[in-house]
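Each remark here refers to the structure printed beneath this line.
Chain lettering (A, B, C and D) follows the sequence in which the chains are written, and residue indices restart at 1 in each chain.
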Amino acid sequence: MSKRVIAKIISQEEISPRHFKMVIDAPEVAKEAKIGQFIHLKWVAKLNEYDPLLRRPISLNEIDKEAGTITIIYRAIGRGTQLLATLKVGDQVDIMGPIGMGFSIPEEANKFVVVGGGMGIAPLYPVVKKLVDEDKEVTVLIGAENKGQLLNLADYEEMNVKLKAATVDGSYGYQGFVTQFLDDTLADTNYIYTCGPEVMMEVVQEWALANNVKGEASLEERMGCGTGACLSCVCKIKVRNESGWDYKKTCIQGPVFPLSEVIFND
Amino acid sequence: MTKVNLVVDLNGLKLQNPVTTASGTFGFGPEYKNYVDLDRLGGVMVKGTTLEPKLGNPTPRIAETPAGMLNAIGLQNPGVDHFLARILPLIKDYNFKTIVNISGNTVEDYAKLANKLNVDGVDALEINISCPNVKKGGLAFGTQPEMAASVVEAVRAETDMTLITKLSPNVADITSIARAVEEAGTDIISLINTLLGMKIDIHRHEPILANKMGGLSGPAIKPVAIRMVYQVAQAVDVPLIGMGGISNAEDAIEFFLAGASAISVGTANFVNPEVTMEILDGIEKYLVEKGYEDINEIVGLAIK
Amino acid sequence: MTKVNLVVDLNGLKLQNPVTTASGTFGFGPEYKNYVDLDRLGGVMVKGTTLEPKLGNPTPRIAETPAGMLNAIGLQNPGVDHFLARILPLIKDYNFKTIVNISGNTVEDYAKLANKLNVDGVDALEINISCPNVKKGGLAFGTQPEMAASVVEAVRAETDMTLITKLSPNVADITSIARAVEEAGTDIISLINTLLGMKIDIHRHEPILANKMGGLSGPAIKPVAIRMVYQVAQAVDVPLIGMGGISNAEDAIEFFLAGASAISVGTANFVNPEVTMEILDGIEKYLVEKGYEDINEIVGLAIK
Amino acid sequence: MSKRVIAKIISQEEISPRHFKMVIDAPEVAKEAKIGQFIHLKWVAKLNEYDPLLRRPISLNEIDKEAGTITIIYRAIGRGTQLLATLKVGDQVDIMGPIGMGFSIPEEANKFVVVGGGMGIAPLYPVVKKLVDEDKEVTVLIGAENKGQLLNLADYEEMNVKLKAATVDGSYGYQGFVTQFLDDTLADTNYIYTCGPEVMMEVVQEWALANNVKGEASLEERMGCGTGACLSCVCKIKVRNESGWDYKKTCIQGPVFPLSEVIFND
């Protein structure tokens, strides 16, 4: 159940150029949070400054229910995220959250693959952590422009997972795209999770369909309300109707959807 | 705290207070139940409803602008039958008045909608003749007095329910349209809908919105909305519901002073989901501080 | 830095670059000499000029709004004779093109102004048919195609100078007015002038502006301006000068992509007196980064 | 000659409720500054935030040419001034300045009266200081709502001036308005300066005319550009023309005008 809270920043660190890790003291959010959910975030305006106006959706990268903290990793690219990047320890942020349907872990599955690309790596970390905590076999495939953008790389290196990484510039792991790792060696996978560029997720979807692997994708759409009210954030999902698809709200009916049901566009 | 009267009677539509939420920005109401006490709202203008379900536009459907936002939702909604069967039962027992925003491609569409919505639980209709995203006649209805009037006449012939007509700001003279719809039988006028705008991505060399253009809303448009309320308030006798950029209590009070009898909060709900409650509290505080006993006392005070 | 071509030729009006300053926001130019290198500007649209000196409106003449401002200056200016005798000599030797913004109460006023301004040192006329603060016909000229055309025809009959017609956004269909003034003989269209707005002081219960209403400008109106440039660019063949909320280079680039051949900076000069220089540098940087050799290459790229 | 500079805050102190004294390190401005001038000020936006949009005109309360600093005293009442009040030592402000025509000191005058009301006290301090430095006889009359709003009171108490103060609530000096001090005992005054509410300045003007005392008034109008370009800030000044008056620009032709020429309205 989502709440609106004003919460304090415990730490903010630039983990690689323009990539920030922010830890927020938000026990009410942490208590409710599930893996794969996000928060709808805003800097706290000193005096109702209305520019930039809207909140920014950012996935939960870590949830510490005991400490009552949540962690986000975000890229400072536009006005809002760059404003967030200027905040310091002790500053406050305005949160709506946790929001959305997160990742599920089917009882019957025991071999998992996680495929993350770019900023899409951030939302996947919580599901990997949970799978590892539950002693599941996990293969983590991550790709980015360069080594610095391989988010949570150090965390994965310390975990009991099979890890493969790709970088476009070849600065770490295999040069190229993360999708090069989707091959026959993974055909006995029971379940797959993915988040990242649409082109990447589309390839993951094709591979999953070809190999009869069920899975989930975490999607991204521009968001206004974060409550299901405005219909800004819709995505195309397969359903049984005369068109074969319908719009679902990425904010509360997502951002995680069954991989096979997502309709990617060009 | 000294109690002040916040009840407003809009030509027969009695609201427990003048704070309503704008169509398309608050869903059908329950979407905000985690954030506000829905029973404290005066009214909810539900999402624009059409005869048949509408899928709406491709995404992106919103773009942020300086102190505002563009939207090109395309009137996505489940259709009037689904609204009546599945949604109305969920909202009709709240204290807020349920105001259904209706939209159509033809005058007949509006009439049919009015007929179907003439049921218990629907407290008023808001005739949306001004959504800039509807290509098949929607805009034309709102920009010409005779066309606007024809829609209101057709709806009025169909029902005795309270009718609100929502005006577009994308005109040269909003007062001529206001007078036309008043004469045609509207009970209330609400204004303004969004201004038509665009934002271009300078890296992809194309509009951000899939629909290219969209409706501009939020704090940025408030001065245009205030001006139009002020002008229309002096041109008609029916009460007005003011909207457009209301983001706090001070904004709401500006609208009352300009001549509005009630207000509607739109985009600000996205920024602060609790804003309607803050506005309600702020209005009450202002009335007490200034020594008023009734919200209706301040309506139109800026008009001399 | 790789050199790119910034020269633009607007139907015969050759600017060394496409960055100009909007009428009423930059005085006659020298007011900003402490802050910018005036010789780097492409053009200056000087303050709106009338036949006789005008005192303008009482104060307050401005009010701040979310990401914008309202102004109700009332076209204060010293009159065309004073401009010609005392101001033009001070500015004619700068590299920027001197564009005189003209305003009148009758069609004949505009014609007389055109006649008087047909002198060396005045590089073009900007016909202001759209100032919302002028009550005696100014607004009406800008909101009706035939009236707008009549002004342009009268001015065109009087002079061979480059004519720019400046359009008001306070209309339902700006393209019909654009086509009318094109047909009447304008060489260039500039758009947009301000949106009509109002702000009310909730403690004094009256409008902040002495004139009650005023023209809304600044970042808030940019989406409306972009949309209108985009629409008019597809409706006429004459080149456009885009303005309305331009506050940085990215904004200016949006206008080029929307179809403008040049841009004009207004309110942003008040916020940052150096903004025009920053915009010039930013445009150049963008062209180099994207691999363009000429500003004209990006004009209209968002139109498909 | 005015410049646009980004300058650092050296100190910011709340000297009484909602009244702030800010010292700014701005040697270029200090070097040029004259008594009675003002700066056109803005908080530095982190990322071009455009709300609130405009600069705020604030008079110079102190000019230290040697240290290269300027001091302003302002009241945090609206959006912009309240934003300024949130700034801290080390933060930056965006200044245009110095701007305007300041106070003049006629050679032939030797007995001066200074009348300040409310925030209008702030711009007058530099002229008093200069007069005292030049061994002129100065009577300082200040009035405000309460003692805390009698700006520069402590400074005046340490100076060789005749000081009278009035407070509306009687918390300091004489209860009532500052204009009560304008009586026959001051009739031998050569020159008078005033700044404050229009109603006060109008009374000062009447007294000055009745007693044949020349003087200057520092005026206030809403400002846009601060350069003389926009014509937002005009005030009515007597001139020899058929109307008997004309608009002058408060920003560059003021804010200080000959007292006898100012036309106050109701």
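By our rule, contacts are C-beta pairs under 8 Å (C-beta built on N, C-alpha and C of every residue); 3 or more make two chains touch, one makes a residue touch a chain.
As the structure is a prediction and not an experimental result, all values here were calculated from the model.
Novice: Spell out the chains that contact subunit A while also contacting subunit C.
Specialist: Neighbours common to subunit A and subunit C are B, D.
Novice: If you tally contacting C-beta pairs, which comes out ahead, A-B or B-D? Let me know.
Specialist: A-B
Novice: With centres defined as the mean C-alpha position, give me the subunit B-subunit D separation in Å.
Specialist: So the centroids are 46 Å from each other.
Novice: Measuring centre to centre with CA averages, how many angstrom lie between subunit B and subunit C?
Specialist: Between these chains, centre-to-centre, one finds 34 Å.
Novice: Using Cα averages as centroids, what's the distance between subunit C and subunit D in whole Å?
Specialist: Distance between chain centres, rounded to whole Å: 35 Å.
Novice: Quick check: what residues of subunit D touch more than one other chain, meaning two or more?
Specialist: In subunit D, residues 48, 50-52, 79 touch at least two other chains, as defined above.
Novice: Can you list the residues of subunit B that touch 2 or more other chains?
Specialist: Each of 65-68, 218-220, 247 in subunit B touches at least two other chains.
Novice: Based on which chains are in contact, what kind of graph results: line, ring, star, complete or other?
Specialist: Complete.
Novice: Residue numbers of subunit D touching subunit B in their complex, please.
Specialist: These residues of subunit D touch subunit B: 50-51.
Novice: Quick check: in the complex, which residue numbers of subunit D touch subunit A?
Specialist: 46-52, 79, 82-83, 86
Novice: Given the complex with subunit C, which residues does subunit D contribute to the contact?
Specialist: 1-4, 42, 48, 50-55, 79-80, 94, 96, 221-235, 246-247, 265
Novice: Can you list the subunit C residues touching subunit D in their complex?
Specialist: Touch residues, subunit C against subunit D: 24-27, 31-32, 34-35, 47, 55-56, 58-69, 71, 73, 76, 218-220, 247-248, 267, 269-274.
Novice: Taking the complex as given, what residues does subunit C use to touch subunit A?
Specialist: Listed in rising order, the residues of subunit C that touch subunit A are 66-67, 219.
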